[in-house]
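Two complexes come next, and they have one chain in common, subunit A, joined by subunit B in the first and subunit C in the second.
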Partner chain A sequence: MDSVEYLDLLLKALLLAGVYAAMAVGMTVIYGVMKIVNLAHAGFLMMGAYFALELFQRFHVDPILGAIIALPVFFLFGMAVHWLLVRWLPKSDTPTLASLLLMFGFWLVLQNIAYLVWGNEDQSILTPLTLSSVQIGQISIPKVNLVVFAAAVFCMVVLQIVFHRSWFGRSMRALIQNPYAAQIVGVDDQKTARLTFGLGTAFAGFAGGLLGMLFSFSPDFGRPFLLRSFVIIVLGGLESVSGVALGAILLAILETFGINIALPVYWHGWSFHYLPPSYQQVIPFALLVVVLLILPKGLSSLFSRKWKAA
Partner chain B sequence: MRGTLAFFGQTIRHTSILALALGGIVTLCNGTGRAVVADDTIKIGVVLPTTGSESKPGAYQKEGIELAIKQINDGGGIMVKSKGKKLKIEEVFYDDATDSKKSASLTERAMSSDGVVAVLGGYSTALGTAESVMADRYKTPWITTGAGATAIFGKGYQYAFGTLSPVALIGTTSAEFLGSLMDQGKLKKGLKVAMVVENTDHGTDYVNGFNEWADKHKGYFEVVMNEKFELGATDFSGILQKVKNSHADIFLSDAHLPDYITMHRQYLQNGLHHQMVSYGARGPEANARQALGAGTDYIFAGIWWSNKLPYPQAKKFAADYKAFTGHDVDSWYAAPAYDGMRIVAQAIEAAGSLDKNAIRDALKKAQLKESVLPGQVLKFAANGQAEYPFVITQNKPDNKVDIVYPKDAATGEPVAPAPAK
Partner chain C sequence: MKRPSGVGGWLKIILPWLLLVILLLLPATHPSDNLIRLLFVTAVWTTTGLGWNLLGGMAGQVSFGFAVFFGLGAYTTALLMHAGHSPYFGFVGGAAIAILASFLIGLPTFRLRGPYFVIATIGVTEAVRVVMNNLDVTGGSSGYRITEDQAFSQNEHYYSAIAAVAVAVLVSTVIANSKFGLALRAIKQDEDAAADLGVNAFTSKLWVHAIAAGLTGIAGGIYARRAAFFYPGDVFAFSTGISILLMPVIGGIGTVWGPVLGGVIYGMVEEQISVKFPNLHLLIYGSLLIAIILLEPDGLMGLLRRLFRLLRRKREDSGSPNADQVLWGRGGVEGREL
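Let's look at the complex of A and B:
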């Protein structure tokens, strides 16, 4: 491979990281504050994609605008889900079986509602942007991936601002650091948890709308993203927004370069081998194991505390 | 407030218990109903994915089977000599949700508990492979209508049959088609081929079939890349970069529908172009064309059936299917399922009883004349798998599709090389 091909791969990895970050950030904020591994995240992503599709088909709303409209709608939806279901869960500093089962069950409910409403057909959103790309020399960059990347960066920046500049953000950080001390000093944990769940759901709906422009989707949509989201937030340190960005970049680079660069292997002497593309999906699993063994607090633990959003 | 919520919680609990009890009663009633009618019907198990990633093809296959059942039942049913009367078919359907473990256990359930005389189903090689082991275990004829990998039929099973021609033949026919274009001077000989196939027996068979033809016909192709990808992958940018770096002239993939759509979307977004592009048996599906628009033009596919086939019975099937389902038969999936049910019905009639061994023996000898599939006759080889020719279709602009190979079935001329956009 020449330098242009390396640059091409690097750009593709960064754009893929944008997709990964957009889909993982909502899961991170919910885990950070509430210690809930939100298995229904895949369902929220799927609903976000259908939401953008409905707006696009019925009212000819551009899917990017549809994803933006999904933010407030899914924020309210998330708060309603919290009020109806999540708030009854027993409080805990660690993820509980009850929360896993509840969110898994809710994901199945969302899936089946989607099957009832939209059927089992694969759906797609086709706009002039979908298949167009920007050509820079020999490098072709899909426009829609650029949009998703920009949206992911926007999400991160907004979250960082919310975390550091608002009362709500301070409440969230306090609950992440020490939920008992936070309540003693007057943080309303129920209200903050409700808003956080709404925020996490809003970002999931937003990401779903954007992912609907990249992939075809059915009610089963979101399942492959769930594992990656989980790997990313473990990489990022489970409670860190900047860690999510780092985790997404690392995973995307490893997945993209892993199958395109020959790796040195010692077997009766040194030789170089490519990782077969069929093993690409092994990378997130392997990464998860390695990070849990070596850096259980995630990548962000390598950096100073000021890097941490919470 | 707490009191209201406690009342709300209790009401939910009581309602749930009531619902479970009602569900149990309904299930029991169903079981009782089945037992009562068992002697007057022939039970056929159908295990297909109507949810999950293969739900679309699975639903088409289910429709094909149900159309055949309706037509047979409308004609009074199947004459069973040992009963001295015609019996109607009763379908016992299970959705495996595109889950191979579920697929195997539901097939087992149909064979062991539901009293079926045969099971149809197993769409996709992965699910079909999982189901196939049950046939000999329960000595029940099993006819896969959607798994064409040769591995299933190479294990010496005595009760397994398949209505799809071997997948390897798609690779062979694709190579033969491209070779014919080279012979006609539409493509140059010695073109570089990049192959990216799914990591299943289906993908392996496709590559083997292509290579078999290429090895026998030296000088036509130079295979410069041969890689596999996992089913249901979300990102193909890495592997497509490899395709780009291979500087191939022809891009051949073998993928299922969701992967075809995702991969080709990324193929187009990355600005790739090849003289000829194929995704194996996928190409003309309406979903893909809706998802990618003109981006799917000129893709060619080796398929088991096309609604363009000129046979009168194929045209009648297409019309009946539309009347039955309310939508066009726009892909190949329904036809092998339709004929699968018809050949089972013919075998039951020939067996003259509902004895599973007799039905199996009759299936081995069965020949479905006026089959809607290419070649017009459906029969099983010694290993249980059907073998009939494939047709090559090519997508044309404005959502048109033509059969372009073999020549005697062609409805249009192949466009080669595919024009750059």
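Let's look at the complex of A and C:
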């Protein structure tokens, strides 16, 4: 593999990482504040993709704009879900099976609604951007990846500002760091939880719209991305937003370079074999288990403590 | 085992045997094929639910990955039958491979606790399904077909499924009443405290995982032999793992008869309601799950228990002790409020 190819793959990995980060961040904030492993995240991603598709097909709204419109719409949707279902769960310091199953049940409901409304065919959002590409030297990058990356990074930056500069962001960080102390100093945990759930859902809808531009989707769309989100937030240490960016980059690089990973195989003597492309999907899942075992507190535990909850 | 006391105590011992006798004599009354098929499916799923309940309900280790054992049982049975062995040898082989897999999965993942273990089991199932989709020996994603020389016997399938579920109930009862079961419950309540009292939590979890996997593997084999055709997207599916866990949750987690009750409900929903409303079955499961988690976390067994208490006009002492530990992640002593 020559250096141009390397650079090409690396660039593609980085572009993918942007979407991955936007996809996983919603799950992280919800986990951080409420300690809920949000399995319905997959359903929100899927709904986001269909939301952008509907806006595009019916009103000819650009899917990027559609994804951005999804932010407020899914924010309200998430708050409604929290008000209807999630707030009845008992509070806990560790994720409970009840919350896992409740969100899973809700995911099934969302999936079924999508099957009823849109059927089970694969859909995709095709815009003029999809097939055109930008040429930089010998490397060509699809324009759609660039635009999606830009939108994802922009929203992540906005989120970081909200996280650090607003009262709501500070309440969220306080609840992540120490829920009891936060309540003592006057953080309204119910209100913050509701807003956080809205925020997490908003980002899921947004990321779903972006993913819908890159991949084709069906009502079962979210599942592989749900697991990738898991990998990313576990890599990121479960509760930190900057950890998410790091985890997203690592996963994207491993997935992109996956075909070039040579594994030592013993078959009449040692030799190196490339991972067959069809086994490439194993990478995120294997990575998930390995990371959980080796670095249960995430990559950030390798570095200093300041990464935590930042 | 305690000696039974009173009418209720004797009833508890007699009822299961009565149920078994009825189920064994049923084919003699020439019921419709559909009923036998429904009972077969129910028995197979109930066996897996009982297996899951040993690990998830009694020891409190929630796994989303039981589809792995179900699928391995199915494939091992199929491959052994293809090699000319008897299907019953195939079932045993399926159980053996599932147990082996349970050790391979359990050895690393039981070092994780709580949600980390749950997430790891999701990763394991997904990875195994991708591998099985690409494995040449088993036909990859296009599936595997079993061809049997003998004529199709509805009753033989039925009896093997009933035998499996009877074994599962027996194993569950024995474990629930043994010292091992006590150790498992201690692990569920507080793993560190259990370890302090001399319970080897890691090996206990490994063994109960192995027993659960063995039961699930047998069920997978029995299912595969009747289905005659299956593929990784079916037996290794994430949703298979979910179905397996759904039954104990519906029926009542941590009890022996909860998964049986849940299995009956599940079998009926799967075979009757979802056939009539094929577009709505995810909605049905989803709503059922949401309703149970929010309204009666101890499942139908909890509901029944509450009903009996109401009939006897006894005061309720604790709401749902089992669910408190497994679902909410804490003992019933602390109460529901933070």
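One rule holds for everything that comes next: the second predicted complex is superposed on the first by the 292 of 310 C-alpha atoms of A that agree within 3 Å, B and C clash if a C-alpha of one lies under 4 Å from a C-alpha of the other, contacts with A are read in each partner's own complex, and residues count from 1 in each chain.
Everything that follows uses one rule, which is that a contact is a pair of C-beta atoms (placed from the backbone, for glycine too) under 8 Å apart; a residue touches a chain by one contact, two chains touch by 3 or more.
What you are looking at is a predicted structure, and each value in this text was computed from that prediction instead of being measured.
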Q: Quick one: on subunit A, after the overlay, do subunit B and subunit C clash, or do they fit? Just give me the call.
A: clash
Q. In the superposed arrangement, which partner chain does A:Phe77 touch: subunit B (first), subunit C (second), both, or neither?
A. neither
Q) Thinking of the overlay built on chain A, is A:Ser140 touched by subunit B (first), by subunit C (second), by both, or by neither? A) first
Q: Examine A:Phe225 and indicate which partner it touches, taking first as subunit B and second as subunit C; both and neither are also allowed.
A: first
Q: Could you look at A:Phe203 and tell me whether it touches subunit B, subunit C, both or neither (first, second, both, neither)?
A: neither
Q: Identify the partner contact of A:Phe104: answer first if only subunit B is touched, second if only subunit C is, both if each is, neither if none is.
A: second
Q: For A:Tyr115, select first, second, both or neither according to whether it touches subunit B, subunit C, the two together, or no partner.
A: both
(Q) Touch test for A:Leu126: subunit B only (first), subunit C only (second), both, or neither? (A) first
Q: Using the superposition on chain A described above, determine whether A:Lys12 touches subunit B (first), subunit C (second), both, or neither.
A: first
Q. Which of the two partners, first being subunit B and second being subunit C, lies in contact with A:Gly258: first, second, both, or neither?
A. first
Q. So which subunit B segment collides with subunit C once the two are superposed: 1-9, 127-135, 307-315 or 379-387?
A. 127-135
Q) For subunit A, which residues belong to both interfaces, subunit B and subunit C? A) 115, 224, 276, 278, 281
(Q) For the complex, give me every residue of subunit A touching subunit C. (A) 37, 85, 88-92, 94-98, 100-102, 104-109, 111-113, 115-116, 223-224, 227, 230-231, 234, 276, 278-279, 281-282, 285-286, 288-289, 292-293, 296
(Q) If we count contacts the way the header does, which residues on subunit A are in touch with subunit B in the complex? (A) 1, 5, 8-9, 12, 16, 19, 115, 120-122, 124, 126, 130-133, 135, 140, 142, 144-145, 214-216, 218-220, 224-225, 255-260, 276-278, 280-281
Q.
Please output the residues of subunit B touching subunit A within their complex, sorted ascending.
A. 50-53, 55-56, 59, 98, 196, 199, 227-230, 232-235, 237-239, 241-242, 245, 257-258, 261-262, 265-266, 268-271, 287, 290-293, 295
Q: In the complex, go through subunit C and note every residue touching subunit A.
A: 62, 108-109, 111-112, 114-116, 118-120, 122-124, 126-127, 130-131, 133-134, 238, 242, 249, 279-283, 285-290, 293-294, 297, 323, 326-330, 336, 338
